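These notes open a run of structures that come right after.
Shared between the two complexes below is subunit A, which has subunit B as its partner in the first and subunit C in the second.
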Partner chain A sequence: MKQIVTLLIALACGVVQSPASDRVDFVNDVMPVLTKVGCNTGACHGSAAGRGNFKLSLYGGNPQADYEAIVREISGRRINLQKPEESLIILKPTFAIDHGGKFLLDDDDDGTQLLLRWIQEGAEKVTHRELERVEFTPRTYFIEKTDVDVQLRAEAFYADGSSQDVTPWTVFSAEDSSAVRIDKDSAVATPLRGGRHIITARYLDSVAPIEIVIPLSDKPVDLAGQPRRNFIDDEVLSRLATLRLPVSPQADDSTFIRRVSLDLTGRLPEADKVMAYLANQDQNKNGELIDELVQTDAFNEYWSYKLAKWLRMGKDPNDENGIATYRLWLSNQIEKGVGYNEIARTLILATGDTHNIGPANFYRTVDGPREQAEFVSELFMGSRLRCANCHNHPLDKWTQDDYHGLASIFSKIENAQIVRVRASGDVIHPRTREPAVARIPGEYYLKDKTQDGREDLAEWLTAEDNPYFAKAIVNRLWSSLMGRGLVEPVDDMRDTNPATHPKLLNRLAEDFAASGYRLRPMLKRIATSATYARSSNTVPGNAEDDRYYSHALRRPLEAEVLADGISYVLNVPAQYGGKAPGQRAVTLVDLYTPSRTLDILGRCGREESCESETSISGGLTRNLHLLNGELINARISREEGRLARFFDADTAPMDIIDELYLVALSRKPVGATRRFWREQLANVESVEQQQGLLEDFLWSLLASSKFNSK
Partner chain B sequence: MKTTRRCDGVTRRDFVRVGGLTALGLGLGNFLGLQRLLAESKAQLIPRAKSCILIWLDGGPSHLESFDPKPDAPREVRGPMASIPTKLNGVRLGECLENTAAIMDKVAIVRSMTSPLGEHNFGTQYMMTGYKPSPALAYPTMGATLAHLRSQMGVLPSNVAVPAFPNQVSGAGYLPGSVSPFSVGGNPGRRSFSVRDLDFYAGLDLARLDRRLEFVNAINAFGDAKDASKSTPTDPDLERAYNLIANPEAKRAFTLSDEPEALRQRYGGLDSGNNIGQSCLLARRLVERGVPFVTVNSNGWDTHQDIIHLKARHAKDKNALLPSLDRAFATLVQDLSDRGMLEETLVVVMGEFGRTPKINSNAGRDHWPNCFSVALAGGGIQGGQVVGSSDALGEFPKERPITPSDLAATIYTLLGIDPATELQTPDGRPVRVTPNGSKIVSELV
Partner chain C sequence: MNSLKRILCSCVIALLPFVVAQSAEPPITSVVFTPDHHSVLAGSQAGVALYSWPELELKKQFEVEMLNVHLLSFSPDAKHLAIAGGNPAEIGYVEVFEWPTMKSLKRIGNHEDSVSDVCWLDPSVFMTASLDKSIKTWSLTDKSSSREFLGHSKSVTAICLLKDGKTLVSAGIDQSVRVWKASTGELIRTLNQHTGRINALALRPPVGGLPMVASAASDRSIRFWQPTIGRMVRYIRLESEALSLGWLSDGEHIVAACSDGKLRIIDTVEVQVLKELGGIEGWAYSIDVNPFDGAFVIGGTNGQLKRFTSGGLPESD
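And now, the complex of A and B:
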């Protein structure tokens, strides 16, 4: 209520308040009109090529250029000082004459009046004050139920100490327009559904998210009795309580050991390990299991593979020497538990012969300084600078100076087999058409041209107070174990795409930095939480939750892990490319080793950073291959295989079923499931029939969704 | 070492938000049935077209070299190619489209398509779904929606891509993964073409596959609780694969060698490297057998350099993109007509946007969504007409601007789906088949 009153007062006093002077301020009064009305959006005059020969900077990022475009271009016909109301800039948006963008402003609209007054006053580039910041309110807002109005507000603060309500000139847009209705004129938001909704507020080129949270049910949930093993559980349960989402119980032991083994080592737990774990009565057996898993060779192999995917290793199939050296170096870092800050630093500063010096291959991943800038920012900052190539980023703080400045840092790198820093090298800034000045994005310029700017970059990136670095990697690690990033997509961290659990992300990042940026402690922290150990079975009321962790998210196995899992259960190795049979898919140095199996199982593409494991080949292709292809059929009855060995040893059929269940799913069939298999076995007579049935059983086990997910 | 044939590296994952597990068919069995039920409660229109063949020109085809030449424009706009008259008085096409020119009485061209989205993925999403892409929801492509709303007639998949769907696009959007397009794979342009894994693996037969399916369902039904649950959820994707394998007649659809050699030559491109002709022939065989939606995907239209390569890449080139398209499209329309199938088969030729009116410094054209063309034939549309027009330079629509949403609404209508039909997202909210405000192009319907 208070907010509404404030706004009314502001409105009553008139929209334009210029304490410094009464003259209309081009930057602070005229530009906001253009932005609010939408003249400078990407679809209209803000597009890179402009529109109808009239180009404005996107969302008013460059007032100087816009002033030139409005006042000087086409011989100043856009402004008519003699007859202001006949200026094109008035006639077009009011649709007095034909306008491609149609009707935007009423003749008596405040915006129209403001434009008119500005022209009447001489259409000069008057600016009384410098905008310092904009405050949008509320930033986060909790309401009990839907269909309640929320007044949104924006206030601009200027360097001279003055301030102004700029709500009428602020664009508020809901990320999901079917979840929140926004009335453009009154800036009132009305949530239509429960959940957490994001509204993006933009005034000139300041953007910020507004978060509205509405419980998903009427009844409070009691989460007091839920287990809490570390701060992760506190944060997650607090969010769930706010949203009134009931939680699923902890997963059973079989599910847990299979999940945590696959997540930490990329391997199915061996049958005897499973039996020992199931029999263990110790309260702390999960902790012990996790401690043990992170010390295995399999952990090193798997996390080398994970990081290799993030580093997009294997880009150049014609240079296997380089890739092999690179992967070996990476495995060593993981094995020794080297901090991720050190890893990043080494990569950024690397030079030398890529056949001998592994990290130098970092500069062979992409070609060109701009591509390198995009890659580095996505990888280490979780930020997409790409948009800022052509214009200041519309949803983020990145400017063209940031983009080309970061690219400039890499402009001297020569990335032939020997990576070196040349004496000179430039990136041309598309706006100034001059060499871009090297720049730490969002921070400061590096004036000394003779220096290798990578030092400054590495220093800044890995400093403890860097706002991006730790969060970017922690979010990826979280996503790997939990099935969804706290920020999603994981390489699109920005203010307007806030984390589902901002405080949790901060605490994880702090925790990560405090333990030396090492992967193992972080992964252990996540894996030991009660949140991680939750069942993926839903309870009434939480089935639709896909982001608040009220239940575990069942996830498909990565293509390589699934392929290795199938080989392991069959006990018959696969062969990839020209490699020795038996090499596991997760250890393939070239991530793009030709393999139809891996493609069909949904291996991620060359151009991707491989966060989501979705099969591109489609369900039918995959299932046709499962049914009639070689993947399983060619190996199921091979003489060295698991099944043939059971037959050789005359193992009882039901025992075979028990063992295969245990190897594939970490559990033995009981109850009705067990009876089902007994009945099946009872229906066949000859040994041959029995073996055929067991083949079919094993095939089905490997084709089941229980097997190919975790 | 770029594998993408488009000029940027933006990938599908940027757009996938919903249904990450659907490729595995996890847990969506009931959901599928429920949605069908909801959808079927809506009134459906009487379809004019039973099927749709979408010839997708991936990368963004130049309207100025194809369906909207500007012979009177300055040289830097006109480009290096000439234009030719057509069967329709006063309507000209690019010089490479001579076969199309001869069947213009059956073809309608929309010359005033307009969209603000000049980036490949965004443009593709918009054209294929009728919705501007949103970070909040992945929309289904037209083929997926059609597959979802039509109950499957036979065992052939309802939504097929030849040879493969553009892999940057999530075909099913928020709908279940089972309606995403089945990419037949391989190269239909080769005589040796076949679809893999349709025939039994050595030693297997239908009875064995039958039992395997039963066992998979039994294993999946066994929950994390200690007992098998009473219901046995089936894996719909696996079942569909099984049904196809079990049906030799349906599988014949993929046997292009059944077609007479002369017809195969007319479609063109056999063993040439350009497979659009044989892909169109396969598409015809599929719609003949009741498949409602086939996407023929042709790559390489992102012509930032050397626009002339659309016509010929070297002296004796007969299989460059435009002549190949011309042969394939014109033969398909004529073939469908000869078989009496044209009235019930809608053929659409389009890409994600047009190209810049001015030739760039690399003798190519860059992305231009503000104005471009789409060609349609069959399916009950009124042929022999040009809808809308572009300005003198092909820069903006001059009259009758038509958005991708309008086009989608029109295609849906022709296929018997009311654009106002509501589908359900996984979290249960209703979403229209095409956006509010999309208008049917009445000249076509």
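And now, the complex of A and C:
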């Protein structure tokens, strides 16, 4: 009784302070301040090692750890409960004392006052409500012209049913700051140029893209008459109409046969095939050609090579047998048209002697369960889970639990020559310092520690409703044929890196699943679209387009394909490593067979991801080598070569030019080109000079950008 | 009467949502028994307070200049008290008081960040470890530093001097334990086994054999070192990070004050936790062992100060 009276007296005397719900909430009030001003970004205290002995979780992903870092660590030095205004957490961002991050908050800024009030109230980890979700608006916004303000907004919704406008504490950042200006104080975005722009919105660790679309032209484009061969064309044309981008016409027959042959078989079409195709007047000749190409051995060889790259089939220096078995198994899968879901399932569940069981080599690609988790997520989910090793993924949903949980699934795998599942094995979760619990990423934990979690993983991954698997592979296939993924980079699929054509990606994935996850039907679907067959020549208004497929994107030939193409045109075989002369580069079982030529031509390195069509390297070195190196020069005049045979057969010089053009570019020279070479030939007198000129011609043909691209 | 009580109760309950805890007290970051072992000094952002032992009743409070007090340390002759700390990220120093009069004598130190630890070389010379990454030597008679030890790549959090008086051991946020020649500042060796910030060092009482130092780190391990030969003898991983260590006089047991507020008494030979004692709410930053009665005192979050015995239960608040 006495206590109650005392309490009432205390209440009357005003000892009791503000309502509990008025107290500053650490998670929902303090953390957003730190996120808004950038304290917990990767460039500052949110980096893996923190800054100045002060480490925060990236974008506030771990409030408990952040609370301890701010309030508890190093004898609580960052908070002064005796003199709150002297707290380091106030003095640093207001630049009252030296701060590496410089000036971030004014003394009278709302954020400063909020921090101060929180410390005055005891700097406790008070949390009144649990954040359930954040809605960012608008998600997609179409405006007619640039320099129009778009108000961005974020509203937080809590488990207790309440909501709050958290726009002032939300970070909005434009993917391309030269395309969209964002006023940080008012959260107003102003597009500065046409196109589709992405703004990333972040409140605490909730993150989402905001898409703003502005037509690239004032005038609508009429795309009604454009050919539509399947749903791909519907989706692509729809996007182009929104952006008011005119389209290039369909490519000519020569361009098409060369492009589709290189894309589906990695080979230049043979001259007689080209001539027959050019002469064919059938309306459906493209479809027939595609049908024919996907049934060839060359298709099997080339797509084995493509998948081998994606599977990062690198030869262990001491295990040539393993890699040969692996490649052979893969080739068989391609040849038989085995579904990609089955291929994935077999790889994930593989065990046994890697010299006899090809897919078991899947576990010899990388070393260690974490690396295996990264590899699997990038390959089969198109997602960079690796970012969640040290912290929750800053731009995606993946948590450290997801990363280490997936790694835990592979922790029992012993990846010696005999791949087997050990009875035990763990990965240590860096946050808990305890063994991580096996987990299907983003989904659920696997409770039974004795079980081989790979079965669950394979089941989940290849299920028809898996949100990642089909999209990841169709995006890669699309990128292979179109020169750019619908999501780019292809292994970085996430909400904040949305597809240029989200609906198309969904429809392709559905189509892929419906056709049994088989590669051939999907590749045929893409190749038969009018979008694929578009010319790479631009028309007024679409020259700047590099992602909406208003025209075809010219792409450099992969190093192996280029090397094989040069050998084919010259009719002089190349030799790679200790292999027999004449073996085509795309059939090399070991992707890293020693070859200076392939290295210079931009072969994907052992340490690279080799994911993107646009990642073909080489650059200046490749060009210089083509121009001046021995790759072409030393082989042009070889006596067994194509040119020498023409000379031996006394083929007319202009016919030689026609033939070589046909072999290299699938067409004969016309117009100014033809006139030029005719004039050059007319200016030489001796046979030696003529032959020298034809060698020069062949060199210029092979060194041209038209030849080494598609 | 009962109905009045009910009414009052109802009033109180009605008002409860509006009742909030009063502002938290600053954490006690350092505790030390006075040389006579009859009292305890506790340091915090509120200054230094003297408590009776074992009752832990507040007797006196002393104001200090510095914003953060990190350590209290008596000189070997018990005539001086060093209060170490500073203003974070600005200056680190030691305020020296005459004991037991608590007459302020001088302020020593010019570190660029707070002083985290102090060890005495003799009654008039001490060394300071600082969050500015350096270790310095100071004399009571001459306020300037005579020697600086540079090597830690991040803040130094703890130092201790071996009984030979020649070998200094330091540890820090860079996860390293370093062994130095105290007379010259020469780095003898660096011990890198910890995988987290090191919070504390504690020198084992002399029990024969090579000297042994225990280190506690945020990797939740306590490691036992023979610094003169650079050997890590043993280690134990706890359920919670140890923030402060105190050896019992037998030299076989160590008590760790941990970030879950608990105390753990550890058999350092078998490297196992013998007892886990419920401690305080929050972090237990500092511990000191009373060699007379074998009890210990801990200080931590929200100004909490508690007495424990190795027997187990807390005896008073």
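Quick note on the criterion: the second predicted complex is superposed on the first by the 644 of 710 C-alpha atoms of A that agree within 3 Å, B and C clash if a C-alpha of one lies under 4 Å from a C-alpha of the other, contacts with A are read in each partner's own complex, and residues count from 1 in each chain.
The criterion applied here is as follows: a residue touches a chain if its C-beta (ideal position, glycine included) is under 8 Å from a C-beta of that chain, and two chains touch if they have at least 3 such contacts.
In this text the structure is predicted, and so the values were computed from the model without any measurement.
Asks: Given the touch rule stated above, what does A:673 touch, subunit B (first), subunit C (second), both, or neither?
Replies: first
Asks: A:699 in the overlay: touching subunit B, subunit C, both, or neither? Say first, second, both or neither.
Replies: After superposing on A, A:699 lies in contact with subunit B but is clear of subunit C.
Asks: Looking at A:97 after the superposition, I want to know if it touches subunit B, subunit C, both of them or none. Which is it: first, second, both, neither?
Replies: In the superposition, A:97 contacts subunit C only.
Asks: In the superposed arrangement, which partner chain does A:524 touch: subunit B (first), subunit C (second), both, or neither?
Replies: neither
Asks: Please tell me which partner, subunit B or subunit C, touches more residues of subunit A.
Replies: Result: the larger residue contact count on subunit A belongs to B.
Asks: I'd like to know which partner A:630 touches here: subunit B for first, subunit C for second, both or neither.
Replies: The answer is first: A:630 touches subunit B but not subunit C.
Asks: Check the residue A:123 against both partner chains and state whether it touches subunit B (first), subunit C (second), both, or neither.
Replies: Second partner only.
Asks: Looking at the overlay, what does A:75 touch: subunit B (first), subunit C (second), both, or neither?
Replies: second
Asks: Check whether A:176 is in contact with subunit B, with subunit C, with both or with neither, and answer first, second, both or neither.
Replies: First partner only, subunit B.
Asks: Touching residues of subunit A toward subunit B in the complex: what are they?
Replies: Subunit A reaches subunit B through residues 42-43, 47, 51-52, 100, 175-176, 178-179, 193, 251-252, 254-255, 315-317, 488-489, 497, 535-537, 544, 554-556, 602, 605-609, 611-630, 633-634, 669-673, 676, 680, 692-693, 696-697, 699-701, 703-709.
Asks: Which residues of subunit B touch subunit A in the complex?
Replies: Residue list for subunit B touching subunit A: 1-4, 9, 11-14, 16-17, 20-27, 116, 118, 134-137, 157, 165, 167, 171, 177-178, 180-183, 185, 196-201, 203-204, 208-209, 211-213, 215-216, 218-220, 222-228, 235, 237-238, 240-242, 244-245, 370, 396, 426-429, 431.
Asks: Could you please specify the touching residues of subunit A with respect to subunit C in the complex?
Replies: Per the stated touch rule, the residues are 1, 4-5, 7-8, 11, 15-21, 23, 53, 68, 72-78, 80-83, 86, 88, 91-92, 97-98, 120-124, 433.
Asks: What residues of subunit C sit close enough to touch subunit A in their complex?
Replies: 5, 8-9, 11-12, 15, 17-27, 29, 44-46, 67-68, 70, 87-90, 114, 116, 131, 154-155, 157, 173, 197, 219-220, 237, 259, 282-283, 285, 301
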